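Below are structures written as structure tokens.
Both complexes below contain chain A, partnered by chain B and then by chain C.
Up next is the complex of A and B:
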């Protein structure tokens, strides 16, 4: 039931093909597929870099982290063990940030406070 | 506080809301709500995806014992003991590894005590958060 996660999508103007996915709702085992599908759509449509705006995510569990992990591997299929250079995360809630850190994802995915800051890091 | 339902993944939101409502009624410190929602969500997700491999009956019970909160989940699924399953520590795995077992890791990180008892048929998972009754 993907209505429990709404995903807004926008392309950013600039030198690089950057897409921002704005998530609103819960990122759990029920909605992880919707996020993966939307990210793959954007990648298939030609985007090279993704920003996940998580400011509207009220719940993040391990299933959501699995989705993010899968997307980083699609973006960077040749460097699966390296730091994510093509996916950045914006403004997770304190609870979501705790999940990020507990699972060690903050050590290979950068977290930024604004779209401009995230784009500048690509 | 008790909830019995034939659960599927689409009801995870409702189950997390039940945890919040129950914890509020039981006088649990709001600062622990995120941990409680996370532990129950991960446990139910494991039961549905690995135990039943689809929808199935689940009973969720929250109660206090002194200053502690006790959460019990009962199912009729295949035997599975997350309290003693091998722990996949994400800090010791490569990013390229498939992040399996992270739900169990989160449960055992945010709860103080996790234990399992086999039922006939099914499982009873008990998760305790200490010192959260206000």
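Up next is the complex of A and C:
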């Protein structure tokens, strides 16, 4: 189990201000703050939509899910806890998908197989 | 620079001025590092410095402050690092040079001894004060732990034909897990509850008390409210109403109220809990349940693999209006309903491997029965697996065994 989380950031070309955060490693109590910080930086820099690429997440803890919920609240402050329109998840690893489904987050945050598909959903 | 020097005897002050050499450090530059050999002490003429041990800041220093004198004059290793916060000009006083200068001056030597005693005494005061603060913080946490333990049931309900047992093992002083078991006379149901609040520590503990209270209060609302209008504990089923329907209603209301209350009142904190609640009719063993984002519950029998009751709806506290499916199952004589938190399958050993659901299922397959005994067996198996490795998460379990007649 990796103790670290690497976060790669890329801004997508196109009409909409979309940023992809590529996560690699462990998203847990130790690293949730780093993800929230990077997401807030991107939002402050003008991004309206976020895609979390979770293909490289080898451990997803409840603290990580808490961070994802907090980010959806920042993106959509007027509709807290409602279906996430501005944050989508890309290709979660089997470990991450299991946690997503067990905790029932998949009913509120769409999971996509490609960046284009995720962008088209915004 | 005078602030410190003013406190010294004139003879020592002169000696320091004589042997001190001015040095400048740029912002971020290290003056000395923890573990370095001490050969000098320093007096700040201009600028600011941080005293720290790696990332932990211990003190901040400014103009006129002296530092490094204990290790510097005693020739010991540095007990902390000092780094310039901004451009820093200091007077560096080397031990050997100072000792040479004061060697034949009793007044200056006396001044040096006095200075070291005063500095040492000041440091001792600071250490005492920190220890005291730490002691107070620990005491507060201990009070929190005692109060939180009151949010777990004092004892298990006595239900004819059943044996009920709980197990709770916190990873820290306070915990985010909870379990509960209580009888609801108004609908003739035994409530069995387990919950796991996300994250750990004090934040999780505060929310644990909230989740547990909302669930307990809502599930018993018929009983509690009936006390306001008549003296007898209300028994809704006695009025000819269908108890099963009331039980389903109570279950749905309990989950909906808890979820919607926390999601709308505390949604900004993003705190949530996975929860399993079952309302069991003791005579028939029939129970209704909701698994809100929690680990699979198991019906464990004497023969064969356990029956899993998987989650069917999201965790509570985040999504207002979220729907949860109500399941129905029967606990036959000889069977045990086992619920637990992820601290069981995710317990790790020294190699970092997890206990896993597979090990748990293998252990409880064809379990002969008994609530206390199954929890003891699981706790023992997890402890043996962990080999004394640090417990990362709370380990909580609840078992309800229906006795064979």
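We adopt the following convention: the second predicted complex is superposed on the first by the 118 of 122 C-alpha atoms of A that agree within 3 Å, B and C clash if a C-alpha of one lies under 4 Å from a C-alpha of the other, contacts with A are read in each partner's own complex, and residues count from 1 in each chain.
Following the convention adopted for this analysis, a residue touches a chain if its C-beta (ideal position, glycine included) is under 8 Å from a C-beta of that chain, and two chains touch if they have at least 3 such contacts.
Everything quoted here is computed from the prediction, not taken from an experiment.
Upon superposition of the two complexes on chain A, a steric clash is found between chain B and chain C.
Between chain B and chain C, more residues of chain A are touched by B.
Of the two partner chains, chain B is the only one touched by A:4; chain C is not.
Contacts of A:30 after superposition: chain B is touched, whereas chain C is not reached. Once the two complexes are overlaid on the shared chain, A:91 sits clear of chain B and of chain C alike.
The clash between chain C and chain B in the superposition falls on 164-172, which is one of the stretches 38-46, 164-172, 182-190 or 236-244.
In the superposition on chain A, the residues of chain A touched by chain B in one structure and by chain C in the other are 1, 29, 62-63, 65-66, 69, 73, 80-82, 102-105, 107-108.
Taken together, the chain C residues at the contact with chain A in this complex read 196, 198-200, 263, 267-268, 270-272, 274, 292-295, 311, 313-315, 318-320, 322, 348, 352. Touching chain C in their complex are the following residues of chain A: 1, 29, 62-63, 65-67, 69-70, 73, 80-82, 102-105, 107-108.
By the touch rule above, chain B contacts chain A in their complex via residues 9-10, 12-13, 16, 34, 37-38, 41-42, 45, 48-49, 90-91, 94-96, 98-99, 102-103, 105-106, 109-110.
By the touch rule above, chain A contacts chain B in their complex via residues 1, 4, 26, 28-30, 59, 61-63, 65-66, 69, 72-73, 80-84, 94-95, 98-99, 102-105, 107-108.
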